[in-house]
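The structures considered in this document are given below.
Look at the two complexes coming up: chain A is in both, with chain B in one and chain C in the other.
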Partner chain A sequence: MEIFELDAKNHTPYIKLDHTTGIMELKGRSTPENSVEFYDPVNKWLIQFINEAVTIPVIVKLKFEYFNTSSSKCILDVLKKFAEFKKTGADVKVEWYYEQDDDDMKEAAEDYSDIVKIPFEIIEIPED
Partner chain B sequence: MGEKKQLFGHEIAVLEHSRNIIADATKTKEEVIGDYKNLCDHYEEMLDQSKLITKVSDKLQNKLNSANAALADKNQELQETIDELTKAKIGKKAATITFGLAVVLFVLSEGIFDPFIESFAKKVFIDNPNQAALIQYSTVILWTSMFGKLIMALLLKPLETFIEEYLLKKAIKQQKALKAINA
Partner chain C sequence: MSQSAMIDYLALYEKMHENNIMLTFKGEVSVDLVNSVLKIIEDRLDRIEEDRKTRKKVYNILVECLQNLCNHIDSTDFEVTGYDSKTALLIIETDMKGYSVVTGNYVPKDKVEGLKTRIDEINSISKDELRALYKRTLNNGQFSEKGGGGLGFIDIARKSGQKLKYTFQKVNEEIEFFSLQIDIPKGDKEEE
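Here is the complex of A and B:
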């Protein structure tokens, strides 16, 4: 199994899924032309990760500036995979970062935390 | 649909499975009830998803609207700065043109207008060669020359304003033409 890493582009977020540290990062803007196609390798990697039954604690770090509607469904699917992993007894938590004054992104995080059965920490990033 | 991934692929699969159950006459009542419960669970999950996606989508639309409004404000500020810059540039150009014209008028005054007055006054003195005529001659030259230069000086500011307005109108026309091409 290899670390999954994708550089951020204009319409896609930076992604790093690291099974050695347990830190799973998704950050930036997610408005790909085809969200399903974009998130498919992420889902495949996660299935492989879950099947390998890694015992390391997992921290999912999400820091989105913006994402479109289809991405919101794909992000939910990704989070559901982590929820499934948690059901197996794994230690999983989500850290959702949002820029100061970005109440819309904060509320989006709260909505996700209501539906996904994983501990959510919603963290404000102070302005420089 | 083939192998192509779909956004609601899982939900479509659940729906197809449920339809197959209806078509399957061999299923017992208990099996059908079990599948029905399964379908209800999926329906509940999908309803939660729909609520979430709708809410999140609306929130992000708000974010997009705010960003658009901020962008429109910045565009307005930028346009105002461009307008001010254009005005300043035109003002500088008008001042340069006016200065050039002033130099030309000064040269014309010194080279043509003043000698003409001088020769006219001389003619008056030659016709009347006395002390009073000499004084008259000097006074005419002095005052006419000064009056001419005063008129020139007083005309410079309105001339500059006129040139500035003309250049500004021209620039606005050019901007409008550019906008029409880009639209």
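Here is the complex of A and C:
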């Protein structure tokens, strides 16, 4: 399989899913008008990743500036895929970064950590 | 257009100025329009709003409101006699206290009760209950065709920290006009 990499656009995040390092990164904005369509290749890649039974510790790094509600369901779907991967005995953790004072984003991270059975580390990025 | 039929545009402009209107739009709502409006407002916010938190909230809420509107218009399959059923109203205002986003669109009469019930429920519950409702809705596995799945109003209410103001006005026997006003206070000013 190949590393999945997608450049950030105005309404979509930078994504890099790397099965060789175990670092899975999504950062920037996720406000596409059709989120289901946008996240479809991500899900397909993750299904393949799980099926290939790669044994590598995975760190999911999420650094969203914004996301819309239609993305929020897709992000949950992505996290559920990693939870599925964790069930295979793999080591998985989520690092969720939010900008200082962005309480909405911090709450969002907490909400996801309540729903998904993966250890979460919620990290504040200091204002520069 | 003859001279006598001219509208008093200065009066209209002044009225908009008095109401602190940042942007107003009446017409067909498309994905391109939504993206253009978001770009304009984002640039404006970068210049006029110092508080990053408020900037983010306004932008976020605007994304939700506009995409809601766009999805609604997209699924519009009714005709409003004498009107253009695909058009909608958008107003963005700002004053010392904060920002307001207003949307207006036609809704078939049989959808009105459902919408009212939904918004009234969101307006009647506490901040913590709203958060719990958001989590339940997020996790219920239901997706609309494009992803939404009923989170829009809850998210807007959570982020604004305010009640959602709305009215339904009768247009004809089948159609009502739905106006929704979202107030977003500046900084940490919560509702009294």
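Convention: the second predicted complex is superposed on the first by the 128 of 128 C-alpha atoms of A that agree within 3 Å, B and C clash if a C-alpha of one lies under 4 Å from a C-alpha of the other, contacts with A are read in each partner's own complex, and residues count from 1 in each chain.
Note that a residue touches a chain if its C-beta (ideal position, glycine included) is under 8 Å from a C-beta of that chain, and two chains touch if they have at least 3 such contacts.
If you're wondering where the values come from, they're calculated on a predicted model, not measured in any experiment.
If you put the two complexes together on chain A, you find that chain B and chain C bump into each other. Applying the stated contact rule after C-alpha superposition, one finds that A:Glu99 touches chain C and leaves chain B untouched.
Using the contact criterion defined above for the overlaid structures, shared-chain residue A:Asp128 touches neither chain B nor chain C, since it reaches no partner.
More residues of chain A are in touch with C than with the other of chain B and chain C. Using the contact criterion defined above for the overlaid structures, shared-chain residue A:Asn10 touches chain C, although it does not reach chain B.
Shared-chain residue A:Glu2: touches no atom of chain B or chain C. Once the two complexes are overlaid on the shared chain, A:Asp40 sits against chain B while remaining clear of chain C. When the two complexes are overlaid on their common chain A, residue A:Lys73 makes contact with chain B and with chain C alike.
Judged by the touch definition given at the top, the superposed model places A:Glu107 against both chain B and chain C.
Superposing the two complexes on chain A places one of the chain C stretches 80-88, 116-124, 134-142 or 170-178 into chain B: stretch 134-142.
Overlaid on A, the two complexes show chain B and chain C touching the same residues of chain A, namely 35-37, 66, 68-70, 72-74, 76, 102, 104, 107, 111, 114-115.
Contact residues on chain A toward chain B in their complex (touch as defined above): 35-37, 40, 66-70, 72-74, 76, 102, 104-105, 107-108, 111-112, 114-115. Within the complex, the chain C residues that touch chain A are 31, 34-35, 38-39, 52-53, 56-57, 59-60, 63-64, 67, 70, 131, 134-135, 138-139, 143-149, 151-152, 155, 158-159.
Contact residues of chain B toward chain A in the complex are 5-9, 48-49, 52-53, 55-57, 59-60, 62-64, 66.
By the touch rule above, chain A contacts chain C in their complex via residues 10-11, 31, 33-37, 65-66, 68-74, 76, 99, 101-104, 107, 111, 114-115, 127.
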